[in-house]
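Consider the two complexes below, in which chain A is the common component and chain B and chain C are the respective partners.
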Partner chain A sequence: MTRFALLLLVVVAGLGVFSPSDFYLSFASRICIYGLYAMSLALLLGEAGLMSFGHTAFFGIAAYGVGWLSTAGGLDPWVAAAAALAIASAIGFAFGAFAVRVTDTAFVMITLALGQVAWGLAYRWVSVTGGDNGLTGIARPSIGPADLTRPLTFLVFCGLVLFVSVLAIDRLRGSALGASIRGVRDQPRRMSALGYNVWAIRLATFVCSGFFASVAGILDCWQQRFVSPVSLSLLDATLVLLMVVIGGARSRFGPLVGTVVVMGFNEFADHFVSRTQAALGVVLILIVIFMPSGIAPWLQGRMSSRRSAGAPKLSEVGGAK
Partner chain B sequence: MTYLLSSLSFGGLLFLVTAGFCLIFGIMRVPNLAHGGFFMLGAYVGVAALRAGLPFPLAVLAGGLATAALGAVFEAGVLRRIGNNEDAQVLATVGLALIIGDSILTVWGGNPLRAPAPEALRTSIQLAGAFFPAYRLAVLLVSVLIAVLLWLLIERTRLGAMLRAGVDDLKMTRALGISVPLLFSGTFAFGSCLAGVAGVLAAPILSAYPGMDFDMLPLALVVVVLGGMGSLLGAFVGSFLVAAVYVVGPVLFPEFAYVILFLPMMIVMAIRPQGLFGSASH
Partner chain C sequence: MTDILEAHGLSKGFGGLTIISDVSVRIPAGDRRLVLGPNGAGKTTLLNLLAGELFPGAGHIVFEGRRIERLSSMRRARLGIGRTFQVLTLFEHNTVLDNVVLAALGHSPGRWNPFRAFHDLTSEQARAKSILDMVDLGRLANRRVSDCAYGEKRRLEIALVLAQRPKLLLLDEPFAGLSAAERRHMLAVITAIPPELSIVMVEHDMELALQFARHVTIMQSGRIVVEGQKEAVVADPKAREVYLGH
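Here is the complex of A and B:
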């Protein structure tokens, strides 16, 4: 954890001193935001074993919520953010209550439906969401003397939020609840027989995961000062899943690694290949075939096998589902 | 009345798409999220064939064969290597969907391509005082015909018996000496072929445009969830139900079109997770 904090600090400070233009600062902020988004989804996919295609709903509801409340609603940005978080979490609770009754493919389908409903509302409910044009003119708030409209200050803010969230997610994973979440993932019947409420544990994970996605959504809204239905599309849902899976859904920092890879690819690959989406599809298929547990665990396995050059570790063997 | 017919013909198309999805899911347990991509590929291949001067039935054949070939290659080359990991299957099919979508954009560009309906069906037919485009009626008839053929194939032939055996108990089927890899490749190719055929048939109505894959896929998923995973009867009933909501909904509630489409599905999932016609055993 301290190493992660140091790395984050070095990257942010390095960018602050050496960044040739604001572009890299805002790119780094977006990595922080999407990194948090991916980690929230990894909580659901990696820890609870539930694959959601509707995670965009929370990201989007929070983003639209803070955008609408602070412009049309006339609220202070911080109050709007708190309200948006509360709304998104409440929806997460209500929806999760029946979504987590099913798992596997049925869960994929039902969350996909949720994501589509949210997208459909954003796209068609023009009087509130602005439809295709989205909501514009959203202001970034300020904290005392710190003015978040400056790219560097905003990056520091995003880095801080990411760090605190990672700390919280880490706590959750290490807690008794975290252990029971993994227990429910691997042995739902046994956990149920032991007296654990499988449904409640899954619901808790779903709500927590949605909460952190909402935080990311609010940051994204402030970052772009604009919300549009694009961030609710199925393609975006896929991209975030891709980040999680590429990095390794069950590894601690895998989703962050995946975010850097995917966003870097999206941002810079068009210099090398003309069709980034097709290339992304190819990467996705290759990863699924050759590194089913993700880049981060694969790298770790590589490094540790070079060190010990012996039998594969238990963690590696158990890594593939 | 016009709404009725357009929803019926759209329901027919939707059934062709979901029937393929259902077959694949029922037998292989693979939720094929590239199914919309196959539908779109069929539409584009069909348009290209029509523009090259081929008659309409041949264009349908071309679309079906192209998607069947791609499906077979993908099954043998990718899905077989992944094995039983459901998450990996979902992601691999998403990857394929991205590749298909982007390749089509590269080859055919971003503008919608209109396809002409066959010469003989460009008229309108008067029924009960209203005019209907003949082509839509034909699409409805063809899809009902295909539904009947599918039913005969599955219930009355040896191949159908193998498929049903695969749905019920894959291990037993394998033990009985049926080549499961062949069955899988065949199923995936056939399911993709149905999506491709639906794509060609849809081209004169919807025209071929980028993004039609992700327009169609959620609808197919709603049908599958409503009707029950892997149930063809469910797919048939669900298709016409969803098509009716899809066509009439936006007229009644323009701002909530998508919500009224997905709400019934969520309610069904909450009350009866296995779907209207699904069996609880899966």
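Here is the complex of A and C:
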């Protein structure tokens, strides 16, 4: 995984050096941001088996939080970011405490409701959110001499945040807590009988997942220097879910692969097809049929079968007659 | 001998259907108790009430002097009540060893540690290996559970519950679905469980299970009809009536 994270860093750095224009740097930053967003959702969906449509709430609350606190609130962007993370995580904890009492369809519906409530507030609470117009004039912070207003610097920053987040999520997945989370996903009844607090483990996953979605929301706000109700929309929630499903929810780097595919498709497919959304739908159907676990696990399977096909057969090794 | 568990006047119904009615049972520490009865007698429901999967409609349960009938299965597990399931509930995609390590971790504060790698839990792994040897699965430690035979999975169920360091073990039909050879193997495993550990076993296979039991409780239609020392129960005409119909 460390190798993968390093590869990610190299790709981001390579993009920075060889990118023909700021457009590609900005696009790469968005991939880092949405990649992190998708990874946060995959933590909940793939590891804990909980499908959420409410992740937009964390993404959006953090984005609005940092936007409002650093403009109307007059706070330093870093302080605003820390406060926005704390607020989004606290909301995640309070909401999760109720939400994770249920699973399956009930959980989907309750998180959908959360997302819609947050979206409705963003539209209606005009004095704070700016309503339809959103919040504008949000400044990007700086780190010492590094000026994050430059697209390349911001891309490197997003890449570093993604790199650290990938390592942190991987650490969590490989930990005792990560094993407990998967145990609760697969056999909640058994886990309870073993003395595990199933509710608390689901809640911890929900809050962790919401935390990383919030980090992505803050980066998105800084990248666009603007936040609007669109970042809380059901369409955005569906798009991120699509990234996770297409890439592979249970795969380590599947969500990132899904992000590249979906965002790349949305950005460049209109050069080749006239109805990109319909084409994306067809791609999704094909992937679900032919790669039900997602692109990344499918690729891994192909690579490992190729490796084993190239490996010497038992008869060639042991001198079997 | 002191009782590790006492249940008084337990009743449980679903809607208008009464499953268990006024059941009282005492389990002395270190007992080997067999609960027998035809299908629908309420044996598994009784086990679920004792394990905390269900809460009784009436009655109370005392475990080591403490009322537990309103505690969740998780809280009861932490007090020392372990159980196996009639339908296998294993972590099929993990190795046999990882299954037992996860079970051993259930009572450890380390289960919350996001910085401790699961595969570096050396003390839990050592204990898991010794438990796997107890249930004769040591050589399969690194095999995926989904690749194991059914009999091996049944023994793994026992290993999981032993890893919890329980004081009372509730076994729900551990011989179900096993071949004759596997049943003998399972009986040997259960018989080898340390004597200080109390066991309540629900089972259909009377002949095999009686070899393990010290006390027997026979249930029918949600009530206890015969209870006592194994020899006395076997000789009781009521027990013959329940099981043989004459």
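We adopt the following convention: the second predicted complex is superposed on the first by the 304 of 321 C-alpha atoms of A that agree within 3 Å, B and C clash if a C-alpha of one lies under 4 Å from a C-alpha of the other, contacts with A are read in each partner's own complex, and residues count from 1 in each chain.
Keep in mind that, in the parts below, contacts are C-beta pairs under 8 Å (C-beta built on N, C-alpha and C of every residue); 3 or more make two chains touch, one makes a residue touch a chain.
All values derive from a computational prediction rather than experimental measurement.
S.K.: Put the two structures on top of each other at chain A: do chain B and chain C fit, or clash?
M.R.: On the shared chain A, the partners fit.
S.K.: Could you work out the angle between chain B and chain C as seen from chain A, using CA centres and rounding to the nearest 10 degrees?
M.R.: Computed from the C-alpha centres, it is 80 degrees.
S.K.: After the superposition on A, what does A:V164 contact: first (chain B), second (chain C), both or neither?
M.R.: Touch partners of A:V164: none, neither chain B nor chain C.
S.K.: Given the touch rule stated above, what does A:A139 touch, chain B (first), chain C (second), both, or neither?
M.R.: A:A139 sits against neither chain B nor chain C.
S.K.: Looking at A:G178 after the superposition, I want to know if it touches chain B, chain C, both of them or none. Which is it: first, second, both, neither?
M.R.: second
S.K.: May I ask you to decide whether A:L112 touches chain B, chain C, both, or neither, giving the answer as first, second, both or neither?
M.R.: In the superposition, A:L112 contacts chain B only.
S.K.: Going by the contact rule set out at the top, does A:V10 touch chain B (first), chain C (second), both, or neither?
M.R.: The answer is neither, since A:V10 touches no partner chain.
S.K.: Tell me which partner touches more residues of chain A in the superposed arrangement, chain B or chain C.
M.R.: Looking at chain A, the partner in contact with more of its residues is B.
S.K.: Quote the smallest CA-to-CA distance from chain B to chain C in the superposed model, rounded to whole Å.
M.R.: Shortest inter-chain C-alpha distance (chain B to chain C): 11 Å.
S.K.: Mind sorting out which residues of chain A both chain B and chain C touch, each in its own complex?
M.R.: Common interface on chain A, chain B vs chain C: nothing in common.
S.K.: Sort out for me which residues of chain A touch chain B in the complex.
M.R.: 45, 51, 98-99, 101-102, 104-106, 108-110, 112-114, 116-117, 119-121, 123-127, 233-235, 238, 241-242, 245, 274-278, 280-285, 288-289, 292, 320-321
S.K.: Which residues of chain B touch chain A in their complex?
M.R.: The contact residues of chain B facing chain A are 25, 29, 31, 78, 81-82, 85-88, 90-92, 94-99, 101-103, 105-106, 214, 217-218, 221-222, 224-225, 229, 254-259, 261-263, 265-266, 269-270, 273.
S.K.: In their complex, what parts of chain A are in touch with chain C?
M.R.: For chain A paired with chain C, touching residues are 171-172, 174-180, 182-183, 186-187, 189-198, 204.
S.K.: Quick check: in the complex, which residue numbers of chain C touch chain A?
M.R.: 51, 53, 72-74, 77-78, 82-83, 85, 89-93, 98, 101-103, 105-107, 110-119, 121, 160, 164
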